[in-house]
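Two complexes, one shared chain (chain A), two partners (chain B, chain C).
On to the complex of A and B.
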């Protein structure tokens, strides 16, 4: 007598096939997260190296990242710009790309790392429903950019401990900070993934004797440190002089780096290297707790009726108009201050100048896309 | 090292889910439940998600 295949075997087999198809589709979708947006080096770029040049252990890992070098050919001071420490704070990343594509320093050397935490560009923050990409219109086309996470991708570093202990100070922070690059400085050669990336950047600063380091960030409009320059005590004079130069254009404050808050670039890079360590914050609605739907338009325009209403209630630390705070305005803040840090630096390492750069008003008027290369 | 322990646990649970899905008789909803769990477990196992 012929034995019949039980019905539950047939349904289970059919479901297994459906599962395999679903997994393939989802894995392909996931693969898109590893796709990098193109960056088109401009005429000022003289060399491009990987961070593993300074810390070979990073080679072949998701922590290795591009370092663009813009050497003016005129001896002078040097500046390192860190974009993408937190890839959900896009104005720092876009400002760094703008420098790579359109800056031509006239003295000194500019180093730019657009994706400081390269791994964090390959994921988004859980439960935020954030877009994987956003777009910016250039003069002749639209370019896409990754919107990433505040923290290293958990596929590169996992699990998080309950309590994150900062290695060199012993400071205890929430376990969620374990994968935060800006809590990992100065880093450790034998530390976790994020600490190794931080160590690579610290090694580079020491080896290249970088004069000024600026870490570009954004903060939610309700956060206390926003539209601000945070400076290590050795960089306070530089930050204050730059503030005097830009305060006609924008409202901005200078804050001293807290000595008891460890792991941050403006604290540890200043303590462990000779660089003048600075960090900048602009107001980004897509990062806050009050925004409505988060999409590419919110990331770039900053228009959000809930933030405008919160501003009306006096609940924010920045002026938040109904027209939003656009990514052009946020990048204009970063670029203008970077330019002034260079202009006012008067140390013993010579001069550094970013050359001809658009003014704050020009960037806002023309849009940041005007200063990015067209898609190729 | 912790990651490999985690992956081993995930693989073990996945095997149990598949075995139980085939054994369960006359309960299609249980099998659909199991299939949905399998999707997330397989994605975890191949470090997607």
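On to the complex of A and C.
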């Protein structure tokens, strides 16, 4: 016989009180996810606009997000860096913040969107047990950063259909991709929330005639496309040239954007705008399926015994040492490649240079926190 | 011994102790198991994680609840009895054909929604009275519905585990139709003929008609079927036409249930709806318990321990795990099995470079779908049992042979994928 709880007013009242207390406590905990970490614009930042400047329908919504503009004052090409497309892939977000806080371009203009999917920063993925924030030590203190979800917060877009149909191609994907910004490009003005954010970014690229767009990502170490640059066919030469410049520092590959995989930035932004569309992936244990205990330390240090074991079994696509792959190393990859994309660009829109930037070795040696502002 | 394994053993131990010895409900046992894992793992009582884990199933729970209301309406309005009469009186002379057609009807909602739950609760509920009427015992009728709904979930055009596995390796959901049909149709036909044919070889139409309510159909006519037709039209339209407003499966069930209030016999909706929800809540609670359990498994690293342990055993063991551990993981979630195990397993198999990616991904998704038969969750088995008025254990016992055949077919196709490469 299964034990049954007696059904009477007393048990009902007790349960109601428990539920009310839990709702209050949990609402306070989840409410913290709406708090944004401060970003301290450095001397290179000349302007900050909201994405709604280019697509006004986003104004006042959780999809509107900051666009930092670093204009060198010297006419030249332009580059857009997208961080935080997937807020559970923190090296893209942190690299974007590093650019905002310490980059001073010497020619051309740099646009940086650190929280491309702003809504996805306000939640975490169920059953992934991710921390809501992680910390990085700077020269004079510790800063915290939000760890978010791969997808838009369901409070901004819900429900998901069982099958996500990409609007412009008709491609079918699992319904869980409905809220994935990197399956929504080029977006739709009258689409769902995530498609509108994608549309805003596409509009911005078109209006500002952005020369190069780089979407910064991370992948689980067992993923097929990792430690890689994925390039639209028009950007393949640029990616290959950059690869030659960085391959002494790191193992990295260039992959052509698949023509039959739609909704991704490297495919659709390349097809629907004139920008040279690129995407970068580094290896992040905290978003994989093989990791052990997950916490803030795993996000930043990347130390994980299970990934180290899986590497020994030959199950990974990257070298995974017991010392992990730290966020400093992952950011160093992003920053080094971004610098080289600018250096090797030799198109008809003039030059672009990120100015004095630390080398790959320097970032790893000093730690990424060294290049972030101190907490203020 | 890894601390992650200790946490996992604590979770399983407390769950089994609570469920089998203390006789607590599965849902409460899973919550206690999750709490034990969190405490052993040094996380204390992580309220946020316990709560967040349940959110994976919010949509499923809403669909189940709304589908139960729809079922109640079409049963009470008389639509179900009328439909049964039509099927039995037209096809009783060809029992094998009738059974195969009924199987396709059960599969259909699963094929277009990718959900075995939707299949059981919509078409399964329609077909169950017919199966019982033609003489198939309750437990076998439940087994047929459970297996049929899973075959529908796995069959094209929509197979969500395949999409999840494909998404994990950047494989577009293209070219899956052939392999999935090859896997599902033979298994579905075998299952219904194996379970049902011997009970309906010589059907006596007079006896059958005496058990049917032939009047309700005559009294209300075609309008009786409007909610059922509306359900299928809305489900298909929302999948086939991207421009069609995406109101969600839950709202589709509710809209059709509302229509059903005006198309047949009048009844006390509130009374019946409360009764329906009363039977549904234990299943919903079970899903919430499972959600908490898997979140804590991830938090303390037990999930990673399971996956890495499978990978550590080499390619042969990965093949073995694909037809043992992966369906077993369905006890927690078949979608979870696809995401957590399906992706790394496919990657390992691809690395061998000797198989067709699409065929192997199809087989893995098929094996994941079978997880919906795994207790304690056993979504398909649980609801099929509820529809035929039984506990799920006798129903699951009759699922064993078809389940083993499905596993064998899945494995055979996977091992022979060289021929598709």
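The criterion applied here is as follows: the second predicted complex is superposed on the first by the 356 of 376 C-alpha atoms of A that agree within 3 Å, B and C clash if a C-alpha of one lies under 4 Å from a C-alpha of the other, contacts with A are read in each partner's own complex, and residues count from 1 in each chain.
The definition used in the following text is that contacts are C-beta pairs under 8 Å (C-beta built on N, C-alpha and C of every residue); 3 or more make two chains touch, one makes a residue touch a chain.
Nothing here was measured: the structure is a model prediction, and the numbers come from that model.
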Just chain B (first), just chain C (second), both, or neither: which does A:159 touch?
both
Is chain A touched at more residues by chain B or by chain C?
C
First (chain B), second (chain C), both or neither touched by A:244:
neither
After superposition on the shared chain, which partner residues are touched by A:16: those of chain B (first), chain C (second), both, or neither?
first
Would you sort A:177 into first (chain B), second (chain C), both or neither based on which partner it touches?
second
A:27 contacts which: chain B (first), chain C (second), both, neither?
first
Determine, under the contact definition given at the top, whether A:6 touches first (chain B), second (chain C), both, or neither.
first
Residues on chain A in contact with chain B in one complex and with chain C in the other?
22, 26, 30, 159
Residue numbers of chain B touching chain A in their complex, please.
2-3, 6, 18, 21-28, 31-32, 34-35, 38-39, 42-43, 46-49
Would you pull the chain A residues touching chain C in the complex into a rising list?
1-3, 22, 25-26, 29-30, 124, 126-129, 132, 154, 159-163, 165, 167, 170-177, 222-225, 258, 260-261, 289-294, 304, 306, 309-310, 313-315, 317
Contact footprint of chain B on chain A as seen in their complex:
6-9, 11-12, 15-16, 18-19, 22-23, 26-27, 30, 155, 158-159
Where on chain C does chain A make contact in their complex?
2, 4, 22-25, 41, 47-49, 51-56, 59, 62, 113-115, 157-158, 160, 163-164, 167-170, 172-174, 238-239, 242, 246, 248-250, 291, 294-296, 298-301, 303-305, 307-308, 311-312, 314, 336, 339-340, 343-344, 347-348, 350-351
